[in-house]
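Just passing along the structure, written as structure tokens.
Each chain carries a letter (A, B, C and D) given by its place in the written order, and its residues are counted from 1.
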Amino acid sequence: MAIILKENVPTIVQGITGHQGSFHAEQMKIFGTNIVGGVTPGKGGTTVKGVPVFNSVSEAIRNTGARASVVFVPAPFAFDSVVEAIDSGLELVTVITEHIPFHDMVKLKLYAKIRGARIIGPNCPGITSVGIAKHGIMPNSIFREGSVGVVSRSGTLTYEIVNTITEAGLGETTVIGIGGDQVVGTNMQEAVSMFEDDERTKAIVVVGEIGGTAEEETAELIKRKVTKPVVAFIAGRSAPPGKRMGHAGAIITGGKGTAQSKVEAFKSAGVAVASSPSEIPKLLKERLKL
Amino acid sequence: MVDFLEYEGKELFKRYGIPVPNFHVIRAPEDVPEFNGRMVVKAQVPTGGRGKRGGVRIVNSRDEAIKAIQEISQISFDGFKPEAFVLEDAVNVKRELYISVTLDRSVELPIVLASAEGGVDINSVPQEKIYRHAINPFVGVTQYLKRELSSFLGLSSEKAEQLGKILEGLYKIYDEMDASLAEINPLADTDSGLLALDSKITIEDDALFRHKDITPKYYILDPVEREAKEKGLAFVKLEGDIGIIANGAGLNMATIDLIALNGGKPADFFDLGGTDDPQKVVDALRLASKVTHKVLFVNIFGGVTKCDTVARGIVQAFKELKPSFKLVVRVRGANEDEGRRILEENGIRSLLNLDEAVKEVIRLAGE
Amino acid sequence: MVDFLEYEGKELFKRYGIPVPNFHVIRAPEDVPEFNGRMVVKAQVPTGGRGKRGGVRIVNSRDEAIKAIQEISQISFDGFKPEAFVLEDAVNVKRELYISVTLDRSVELPIVLASAEGGVDINSVPQEKIYRHAINPFVGVTQYLKRELSSFLGLSSEKAEQLGKILEGLYKIYDEMDASLAEINPLADTDSGLLALDSKITIEDDALFRHKDITPKYYILDPVEREAKEKGLAFVKLEGDIGIIANGAGLNMATIDLIALNGGKPADFFDLGGTDDPQKVVDALRLASKVTHKVLFVNIFGGVTKCDTVARGIVQAFKELKPSFKLVVRVRGANEDEGRRILEENGIRSLLNLDEAVKEVIRLAGE
Amino acid sequence: MAIILKENVPTIVQGITGHQGSFHAEQMKIFGTNIVGGVTPGKGGTTVKGVPVFNSVSEAIRNTGARASVVFVPAPFAFDSVVEAIDSGLELVTVITEHIPFHDMVKLKLYAKIRGARIIGPNCPGITSVGIAKHGIMPNSIFREGSVGVVSRSGTLTYEIVNTITEAGLGETTVIGIGGDQVVGTNMQEAVSMFEDDERTKAIVVVGEIGGTAEEETAELIKRKVTKPVVAFIAGRSAPPGKRMGHAGAIITGGKGTAQSKVEAFKSAGVAVASSPSEIPKLLKERLKL
């Protein structure tokens, strides 16, 4: 199986007529994702790369039976687009858009809970369940079906690491980029917990970075309930306090969110912490006794 | 990130019903009014600890105030000169309290922080002396929160009522202004009630599209860092001699870590982000060339950003800028072959393996 | 339930940015201003269908307006005389639209109802011509809702923008005023934009504690019903000759149903509710005695309200009022023995079984 | 077992120092309910009928381990009290208070969903699981342990009906008064659905009334998934349209919410509809083949 994206659900692209939206709609289709439509208000009736465009999510659902969406609309309109997706009944909304105010995400996350929907992101590469579907912008070429679940706060670093895992002869179940913002729809703890429950996943890779306490809380969770081997990598070990390291969430404030604290938390939970991306497959093989 | 100066925050406080002492904003000595009684002159600087450095003075007349302003103007506050001064009524403070609303990333909700030990950096106050309570944005400030908070701060029922209004105002600022921090420190407990003696309001850049009336002012001393900020380029300045350009914040961080792990000293990093625009590569290299580097390391894992685009940007930038630093390029992912070919044609060697590239960077930096 | 008159609602509309024609509130003929052009005089009555009964007139001068007001003043609108008049600019209407915000009990959320077929009772419009969309109070009016609604109503982009603002204002009235209905019918589509030609705002009594500025005005013609309402007593007037007093709304309804099922005619019911106060029983009987009943049936299932308390109230009321109707009392539950004893001591027979009591009531009413 | 109130959870009374609160705290204790404390701001440190009073719910929880509450505070303060209960982590909040604006209930219900709490009421007699506990104000004397689950929009009519069931020699599992308001925390459909899933419940009694469409929706649910015998009673058959019949929710508007529509809906779902309370035990016995 996989996590979250367990089947190739009919999926729409919100903001499909934009540069990013149209490019990645095509890339997702090439990967094999069941892209059934796109939404851009006012552009209904047109097509983008063979995909029909609708004026609203509910119109798209009525015409295509969509159950999930990937959101590329610009930040000022993202809140409304995600609410529209949730209100219209979509189960899974993957938000690629960056620079959404965290105030909006706090509310969207609570709102998704009321409606029983799941948000991934924002400011994330999305989710790929190898052999099933890809929602987002990860490069199609880096995956290989296998037994490693990857959760990451990063984008390209995820590609780097997944590529390393794949090149080492291992493979992935689901790779989820949860996003680099302060508040994310699906967090590291949830992803690790789902990987633990996923039969096909045999080992878990956690790619963290400085800022916040998600890694520390994940380490607590691992201590408490995770039986599968976990390998972690923390980016930003050499980052000075008080500087925002590119991601909105990657900042050490008030002495909290240091790489040291995260590395120690993971180690005390029995997690193997890699010091470089290339070390990850080695540690995985050790733990999987390959 | 937009930081409000004290007086800007206090003007916001007034608008949201938070009591502040009477104050004047002084931009030049001639702005100082005649007055009787005790007042305070305070330097308006985007940095903390101004009191310890002489940026706050008690004055008893217009002449004293002007003299104080002239003297404070000579002081450097972490490199900043005061832009303006606040001249405000001196207040008899019985206790200094602390209250703020900010995001708690762990519970993913706004949180009220408060302490009866205000007037100092909240990070230096022991955890058990800090009251913490999440606010759900769908519900706002509740009555029971106000009761708990007043009781924690040991306020009389009259001041409890005032505190309730202050908390509501502060939360409204946080919510309506999309603030990441709305802080009153100290909140003075006086015989005539509570008064906000200082303000700290921070707004994330991400939310500025909703606040067209706010002109972002960035208090950044380093000219290259400021230029990058103003142009919206993701540039982070560190100390060291190895410049890094990568695509994506995580990859950038991992790259500087690898450099540091292998004994190198990262100087700065520039994030190309997720757009496939060769001009961005040129901009990055132009900024990098303004800083003295020994080595510049370009580390790309192509996805949205294609390796050939980066290669073209590098070639173009080198033609334009003729920089003095040594260059190491590593490209992987989307269009890596084409990228390597373009670089090679232009006499730039590139590597595929990250660890090897880092070793080469360290070797060159050590030359 | 507080119903706003048209002009009260329109004043609210103005405050919330919903465009209305220029209007004057006229309480006496001397309030009518001099004017040029066409205006409309409208009776301010708390009931629908005033147009059909001559309560709305087009007028072309002050004299015509005064004459119209005098004439309309003679008309009875479901028993109500106009309290005031609206004199407003006549508008060239291209289409009459409908829009309202109310509670959808089924989804337990506020809902927008809209139709391009306005100007009539929305209940008479076919379902497929009505746009329905829930609003989550934690999110409010969304952009996509505004787009969908404008598209449903077939509005130009300029008017779509106006409609968006109207919807936001209407939802704000619903939310901030705790309205159970905020309706514009008709919303006129004119060459110069959208205009609210009428208003209907209803606020539940439950929410009045938050709106101290609203003086509840109840438009109830029946004097007993009005007295009960003003005193906050739960009294419901029906047609018939058998009065009912019970504790609890459900038990009251079940009791009138049983009476009706057995061929009786309920006259009214009075709910003692859930407080154990003998005075309430006396009040109920006093009100009941103001209405001509053949039989009064007191049906109590004691819980919070105790049977003995009710018995004492009945005894006291009978001493004070000496009513002419026949009385049937049935008491069960808390303190039923004590209640029956008190009644018996005062010569009032009581029953335990509900079905038997109802039969007795029917028998007495048939005498 | 029972529904909702499946064990005698430690329970507090919010508004315990009021007339109603103190009286019913005692009545609940007499019934056997595990009343561990009360809350009235400013009255902390006192006791009411032997029950310790606290200033806040969180203080009460710290001192007593309470997991549920019964709310008697006046309507203007009820919203805040319920939020306090939910924020503090209580699982079950039974609101007796009447005249809470429905606007507040719409929000409270959504909020409870975010926090995973259950609200019963408002304007309701509460819930009684016979042999386990009573949360609310139902008379202690009317129950007998048995196999009939009762859900009702009414108060005293519920007592009348439960008493009739008990006197007929039957008995109850759980009796839940969901309240007579337009928006209620736990609705008729949920209660019926839980009775269907409750092993001990063998038959279900639904006491509805005019107004709204809860009965029609419950009938749909019964058609779809309820296998146990259901007996219904609808109050307000002789109510004229447009009149509010005492309960805030009991009103026929725009031709909707008539008793006729509800009776027909139930009948078409195979539900036995009683025309008087005294008919209910007869219909139950027929259906239970007793």
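Following the convention adopted for this analysis, contacts are C-beta pairs under 8 Å (C-beta built on N, C-alpha and C of every residue); 3 or more make two chains touch, one makes a residue touch a chain.
Bear in mind that the values here come from a model prediction, so they are computed numbers and not experimental data.
S.K.: More C-beta contacts across C-D or across B-D?
M.R.: C-D
S.K.: Starting from the Cα centroid of chain C, hunt down the chain whose centroid lies farthest away.
M.R.: Looking at centroid distances, B is the chain farthest away.
S.K.: Could you work out how far the Cα centre of chain A sits from that of chain B, in whole Å?
M.R.: One centre to the other, that is 27 Å.
S.K.: Measuring from the mean C-alpha position of chain A to the mean C-alpha position of chain D, what distance in angstrom results?
M.R.: Their C-alpha centroids are separated by 43 Å.
S.K.: Taking each chain's centre as the mean position of its Cα atoms, how many Å separate chain B from chain D?
M.R.: 53
S.K.: Considering chain B alone, which of its residues make contact with at least two other chains?
M.R.: In chain B, the residues touching two or more other chains are 136, 138.
S.K.: Among the residues of chain A, pick out those that touch two or more other chains and give their numbers.
M.R.: Chain A, residues with two or more chain partners: 107, 110, 114.
S.K.: For a test of understanding, state which residues of chain C touch chain A in their complex under the given definition.
M.R.: 134, 136, 138-139, 142-144, 147-148, 151
S.K.: How about chain A: which of its residues touch chain C in the complex?
M.R.: Against chain C, the touching part of chain A is residues 41, 55-58, 77, 80-81, 83-84, 87, 107, 110-111, 114.
S.K.: For a test of understanding, state which residues of chain B touch chain A in their complex under the given definition.
M.R.: 1, 103, 105-106, 108-110, 122-123, 136-138, 175, 178, 180, 204-207, 209-210, 234, 236, 238, 246-254, 256-261, 266, 269, 271, 274, 301-305, 332-334, 354-355
S.K.: Can you list the residues on chain A that touch chain D in the complex?
M.R.: Those residues of chain A that touch chain D are 110, 113-114.
S.K.: Mind pulling up the chain A residues that touch chain B in the complex?
M.R.: 20, 75-76, 98-103, 106-107, 109-110, 125, 137-139, 141-142, 152-160, 163, 180, 182-183, 207, 209-214, 217, 233, 235-240, 243-250, 254-255, 275-278
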